[in-house]
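Okay, got some structures for you below.
The two complexes that follow have subunit A in common; it is paired with subunit B in the first and with subunit C in the second.
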Partner chain A sequence: MTESSTLRSRLRTAALALTAAVVLASCAQDAPQDTWDPAGSEAQKIHDLQWPIFLIAGIVGLIVFAVVAVCVVKFKDRGQPIPEQTHGKAWLEYLFIALPAVLLAGIAVPSVAVIIELNDTDNADCVVNVTGQQWWWEYDYPIAGDGSICGYMPSGESGSIVTSGQMVIPTDAKVVIRGTSRDVIHSFWVPRLNGKRDMVPGRLHTWNFHADRPGIYAGQCAEFCGLSHANMRMEIVALDPVDFQAWIDNQLEPYQSPEDGTLAADGEAEFIAQCARCHQVDGLTDADGELVVAHPEDQVYSGAAPNLTNFATRNTFAGATWDLLTEECRDDVWEADPENFGERYLAGVDRDCLNAIDLRAWLRDAPAMKPMYTEPEQLEATDGLVRGMPYLALSEDQIDSLVAYLLERK
Partner chain B sequence: MFTTGTKLLIGSAGLAWLAAAVYGVAQEGALGTIGLISAAVALSLLAGVNAFVRDSNVSATDTEAFDTSAAAQATARRSLWPLLTGIGLTMLALGMATLPAIFVLGLIALGAGLIEWLVQGWSERASADRAFNDQAREVVADPLELPVAGAILFAIIVYAFSRVMLGMSTKSATVVVFSVVAAIILALGVLVALKRRISVPVVTGVFSIGLLAIVAGGAIAGLNGERDIEVHETTADLAEANRCGTEETEADSHASQTVAAKSNPAATLIYDGSELEIDEVGDDGQVGTITLPRSNPTNVMFLNESEGEARLVLELHPAVDADGVAAGPERICTTLVEDGGRQIMTVEFDRPSFALEAEGVNYEFVVAGSDAAVEVIVP
Partner chain C sequence: MALIERPRTGDLTPAVATPEATYGAFRRPVHSTGWKSWLFTIDHKKIGIMYGVTALFFFLVGGLEALLIRAQLAGPNGTILSADMYNQMFTMHATTMVFLFVMPMAAAFANYLIPLQIGARDVAFPRINAFSFWCFLFGAIFINTSWLLGGAADGGWFMYAPNSSVPFSPTNGIDFWGLGIQITGVASLTGAINLIVTVINMRAPGMTFMKMPIFTWMAFVVQFLLVFAIPVITVALFLLMFQRSFDATFFTVEAGADPLLWQHLFWIFGHPEVYILILPSFGIVSEVLPVFSKKPLFGYPLVVFSGAAIGFVGWGVWAHHMFASGLGPISVAVFSVATMAIAIPTGVKIVNWTMTMWGGKLVFSTAMLFAIGLIVQFTIGGLSGVTHAVAPSDTQQTDTYYIVAHFHYVLFGGAVLGIFAGLYYWWPKIFGRMLSETLGKWNFWLMVIGLNMAFGPMHIIGLQGQPRRMYVWTEARAGEGFFNLGFWNLISSIGAFVLGFGVLIFFYNVWRTHFGRHKAPPAPLDPWDARSLEWMTTNPPKEINFDRTPVVSHLDEFFHRKYEDRGDDHAGYEPVATAEEVLAIEEANADDDVHLPSPSYWPIILAFALPIMAYGVIYNILLIAVGGIIVLLAMFGWALEPATAPDSDYDPPSDGGTDLELPTHG
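This part shows the complex of A and B:
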């Protein structure tokens, strides 16, 4: 075998391996961000549009590749004389202009119609304010004049709900988000429920979501937003109306201090000393009975840190990057059938299901887990304000008590 | 081109100049600097002499050398680019020790000098025909030189003209000067257009005089400094002075000079003369509360549909420190908005509503002098 034929053979093998890898990549079993698997009416509109377009583009692509292949093989240089050179064939040129024009016009009409439909924010059943910042999402639920939230009247006291990581919405409802950003441009994208929508600081962007059935729908920030862009995730949790009502009622439950003398009570004191400068827990009071009000704007560049009032009702933490549940408990929630999903989700996190390893590691040294700008030498551009959670030098005892305290935030 | 010996001497001279500059700035030592400058002067002199005599190493008995030796070749054309390169190099060294701006300018001068020098060096050896070589240089250098020179010229004109405009004592004078200059340009354009034949020197002369006039005017105006810009009262001043009432203020009479952003509000508050109505995306027409995010500037539109003028006020109830000093203004407001008018108010909240509720107050949009109000909830 000559040297050139060996090289050719190796290149062929490499090309085959690459093609196989690309094809096999589409066979993932666990693909929660699959735009080809819509779970709501908005995503369905995109899906119904992209299928025929993909088909048309695929057919055009195949024809072009086939013609190129025929030309390459048939007219390969074998030393034959160069054929007669002609210039211009009007009817062929008109055809090659008209055909793509007709094709593109045919694609444009339904595309524009879908774009208009997707941007229709009238007759919303539920409105959620979504705010992006490096590198997590905050969700707050506007209170209507009658005290209702998303059309649901709280059974107990009315009040505001602020959460992060997971946005909880009712199923079979038109949910309109009003999005913005506190620092740089982010993009909200939950592929199974809708397309992407950029969130630009100082501007308000609206987008619609509709979930057909209960479940968790994963997403990812789709606009490069800095060091931990890849770790800026989000999940939309869809609950049926009864479970959504239960979720609202639970979120608005008044704050309960841990019992005196417990590890969680120590954790409350630690939280006030270490965490409450940035993280708000609604209703938390200090030893003098004064309300503890976080002031993240004094510490954090974006001016915000996740509200941890109902931390243990969520399944994720640190910008939805890590699960709060162990793998087994997580699967239990994610794989639950629609009838049982709400019950599993609303159970929140308990000690048996807690992913203590990641949570403890996060409290021990957050910047080691998620790249952030928290070291003093990195803060010149932000006048000393951090972007992300800094290293707090907590002892293992402090971490124990904080975990116990956070587990009671349900 | 330069002979090998000349190149060596030029390089050594350049190095000595550089060393003298760096040593002089960095060490501030007179003796060392004098020594290095002396060496640089001597080396420069030697380089010059050597370039002139082309190494002078041809034997008088070697007749072939009369045609083939370096000394027998055509000398390089005079060039400004080595000078520019040298200036750039010096500025680079000075900039490292002094100001970044000098470093950047040095970098630009060095880059430009080197590129031009390379192009000239290449073109001078393109052929034995000097005319052809000149043409070759133009082909390569013109696409680079002309846009850059044009951009620099344009920047000079714009900068000089802006100095003239800013140097006028009144706004009316700027209008007059601008109109006169525009009229002159128009008149010249008309004259040029009407003239069937016009010589290049005339056009060049007119443009040169115009350029000189603008640059001279800019220099004089620049030296005199900008006129005092009158500062008008704004809504920020009203907030600071706590004057968000119904009385008309200077800010109200100059409302047309404020930025009239009218797009992308989080909500529109419509005042009909008796109450405020909230118009939000997805939540139209409700009267009650409005939920706005914390620690994030948010735009709210005020639309006055009453029959008179009205001012929207946001009651902020700022936190007060131990000395009784408030963390910010008590309220912010729009200017007086006429009937049918709109105005954006940018709001930001640094405390959640529950912190205010504990003090028995809450964030509230009100219309000055009326009972119309909307509570703001900040989660």
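This part shows the complex of A and C:
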């Protein structure tokens, strides 16, 4: 190799490295929904399949651009004679059919293998029922025949766990979701754990999640689902086995009424009067000691409203679109290292960390924060049923007491 | 109506109908100038121009909608548009660009150019041609009246069920959308049949299929796609209409419906639709590149066959729009592989265009720049297409901005750049004046820079997790660092405005060429040293297109009349005649007594009845009856009206001349 060609090849390597560096550096860092930052085995399978394809596509693109550039520079009209009026060369044509065909066959084989792997939802360690509804997700943890939930045996008595916004799963387990929708098509997508799967009314779709490390993984409904599509998010919270056991036990703790005479006790009464028509709190009893059972189907077109039994164990509300934690406390949880994450998350929401501004604004006028077709004139097509939380005309005192009550729901 | 020609020695005046008699209530229109000559015209050239003008108008409308969308998304939690308005805006942006700009723009080129490229005097059914245009125009206006009547459609252009049902979209927007697309569908369907018959039957003597200009070929393939695709969306839209207006339950899940039915119907139409949008532009650049490379199209037969192959395989890939919808692994695998397969004929075209330039004598006119721009930009879109043909990869990408980036590179970088190449290339042919090349280059560079700024960052935005169709995005999901998604959203929005500015330069160029103080002089006869038949006539062509029906012996006939091979090795082409000389021979041997079909009132009347009926579906069933009666009367009027007015100077043949085509009633 001559000196100049060594230099040239070094320059070429440097140029390639620089290009790669520029491409990588020009992306956002720590984007919570980055599809190129897998954190679970399913997303990893997709990533392992796709990066070589992106690379090949990039190289093919560069070759095409180079040839076009050569044409533009080399064959510019500089008074050369009229070129040969050739209609092509057959061997070249066949070559350019065969080359991409071989390349694509090389891509097709591993693609098909991964398609089949990703769709294997047998032998689940944990099953969660996921239901989409305009504009939030509900997670319902089925109780297995032996009383276990998501592969874990509750320490106390077993019971149902219905939650929303954040789906909590154990790490190192094959979690299969069984999903559907109550109204229009939604799509469940948590990019760092897996690709998306539509949740279609009338159909049951399964999909896998397997988180490698504890942490919060952000997602967003990906199928256009109407007015507040942008405000329909979800998060998957992965906890290590010990913490997950603690989470289950905590979720199943029996209901405790607030102490008499506290603001929260007023809040309980307000809740029964204002909220319990739609929102279920398991174990809540009214003044006569009767269980309070919500009937959202009488109020809400799609038929359900989030279960608020353990509201303050979650970090988000209203379709995971607003944080229950102040920004500082939120960062504490999101940026915790895997060892401390579980502890931080299980602490839930307390008064110091509560994002009171957004929660109070929501209670004051929910449709102003999240468009939901709840104006009376918009309800003609649904026979008066609302499609989200309506304006309730609550006073500031009512809101105070409701916030106090909700903060104790953990 | 077929064209009646009867060679006769004598005067050279083309026949214009001058009817004295009336038909029913009306005297037949005869105008060849003034606004009435446009309203009642059946001249394919006038109809082509009207298609083009309307389409370009809707390009501005769709562009305005796009700019509002990008203004809303320039920063987090945008407040320019409400959620409701945003949803209408992106629905109508796509609807406008697909159905009211690119499709009719392709129809404009096809209408204007196909008869000229095949050496015919008009299309096979000139009145149906006029009817197609008016259906398109009235359908387009009908859809857009929804803005003033309670709001436009808000379900996305894909209009997935059940979100398109009344409880989820209570305004009339989706009714307007469905019925309007139905009416423009009538335009596409009748237009397609018309052009298919034209191409098959009316090619000039000697023009075999493999000597047919490549644009005509690609447009021909598109017409077949339309003939088979439009009925599918028609069925789907009827289901939607009955669902929304007459309480049917085709998409009501509680009644046992499966919402995926709509997706299958929509995409069986929708995927061929993608090729309906792109193939005409492939045809355009396949004309432009050879002219400005001074070489024939490399591998012409292969480009033809790959176009046809895309037309066929395009029917077997629709479910790649549904990789995330839960079809099951076998279907997904099959459609994934089929989708990869369609990259092969598409790749063939890229290779052939590049090889056309290779070894050529390249002139970088604005048209050529747009054509080269298409090769580069479409390649980017095609390659990102391969990445989501890989279904697992697609489950991460679908419904994100990565897809938005992909199809804008394909449709803007492909279809629209091709359209602009065609506009600059054929403008002197159509309007007799040349657009400014200087402004054209500004136009090109601003559009290309704008398009890469607007759509390039969307690759990053999408791969880093931002879904489409969200009226706001949030900083909480935008990541850290200087180049976070907020930065790229802003760049994208700025790019959109640069792009918009580039487009405005085109309109300024048009104004300047025709109306300004620096009005362009009449264009030379053959400004580009072109190769195909449409240039073998005046600029703009006479109403009869050609003085003499050309006799074709070569692909690139016009080139071969101007240049001849002096050597044995195909290496020594030399000019033997100027365009003027070629034309002088044609003029000297002009056919005389050419009969053109006469103008008619009925196409516009018949088309006008359709939106009346559509308003009837939405507001009052009685209007359907009113429209129906007009339809009935117009059809009778049309059927009873001879294609050519009888008192024009048409003489029935007495000797059964061999070159006589039998008149049919178009």
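To be clear about the criterion, the second predicted complex is superposed on the first by the 370 of 410 C-alpha atoms of A that agree within 3 Å, B and C clash if a C-alpha of one lies under 4 Å from a C-alpha of the other, contacts with A are read in each partner's own complex, and residues count from 1 in each chain.
Simple rule for what comes next: contacts are C-beta pairs under 8 Å (C-beta built on N, C-alpha and C of every residue); 3 or more make two chains touch, one makes a residue touch a chain.
Predicted model only: the values in this text are computed from it and were never measured.
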Room on subunit A for both subunit B and subunit C (clash or fit): clash
Partner chain in contact with A:D146 - subunit B first, subunit C second, else both or neither: first
First, second, both or neither for A:T121, with subunit B first and subunit C second: first
Touching partner for A:G202 - first (subunit B), second (subunit C), both, neither: both
Contact breadth on subunit A, by residue count: subunit C or subunit B: C
First (subunit B), second (subunit C), both or neither touched by A:C27: second
Partner chain(s) touched by A:V72 [first = subunit B, second = subunit C, both, neither]: second
First, second, both or neither for A:L92, with subunit B first and subunit C second: second
Contacts of A:R178 with subunit B and subunit C, given as first, second, both or neither: first
Touching partner for A:S187 - first (subunit B), second (subunit C), both, neither: second
Which of subunit B and subunit C A:T13 touches, first, second, both or neither: neither
Identified clashing stretch of subunit B versus subunit C [19-27, 37-45, 55-63 or 127-135]: 127-135
Interface residues of subunit A shared between complexes with subunit B and subunit C: 202-203
Residues of subunit A that touch subunit B when the two form their complex: 121-122, 124, 127, 129, 131, 138, 140-146, 159-162, 176, 178, 180, 182, 202-204, 206, 280, 282-283, 291, 293, 295-297, 302-304, 307
Touching residues on subunit A, where the partner in the complex is subunit C: 25-36, 43, 45-46, 49-50, 53-54, 57-58, 60-61, 64-65, 67-68, 71-72, 75-77, 80-88, 92-93, 96-97, 100-101, 104, 107-108, 111-112, 114-116, 118-119, 134, 183-185, 187, 189, 191, 194-198, 200-203, 205, 218, 220-230, 301, 323, 371, 373, 378, 380-382
Sites on subunit B touched by subunit A in the complex: 264-266, 280-283, 286-291, 293-299, 350-355, 358, 377-379
Partner subunit A, residues of subunit C touching it in the complex: 82-84, 87, 154-156, 160, 162-163, 166-170, 253, 256-260, 293-302, 324-326, 328-329, 332-333, 336-337, 340-341, 343-344, 347-348, 350-352, 354-355, 357-364, 372, 375-376, 379-380, 383-384, 386-387, 390-400, 460, 463-473, 476-481, 483-485, 487-488, 563, 565, 570-571, 573-574
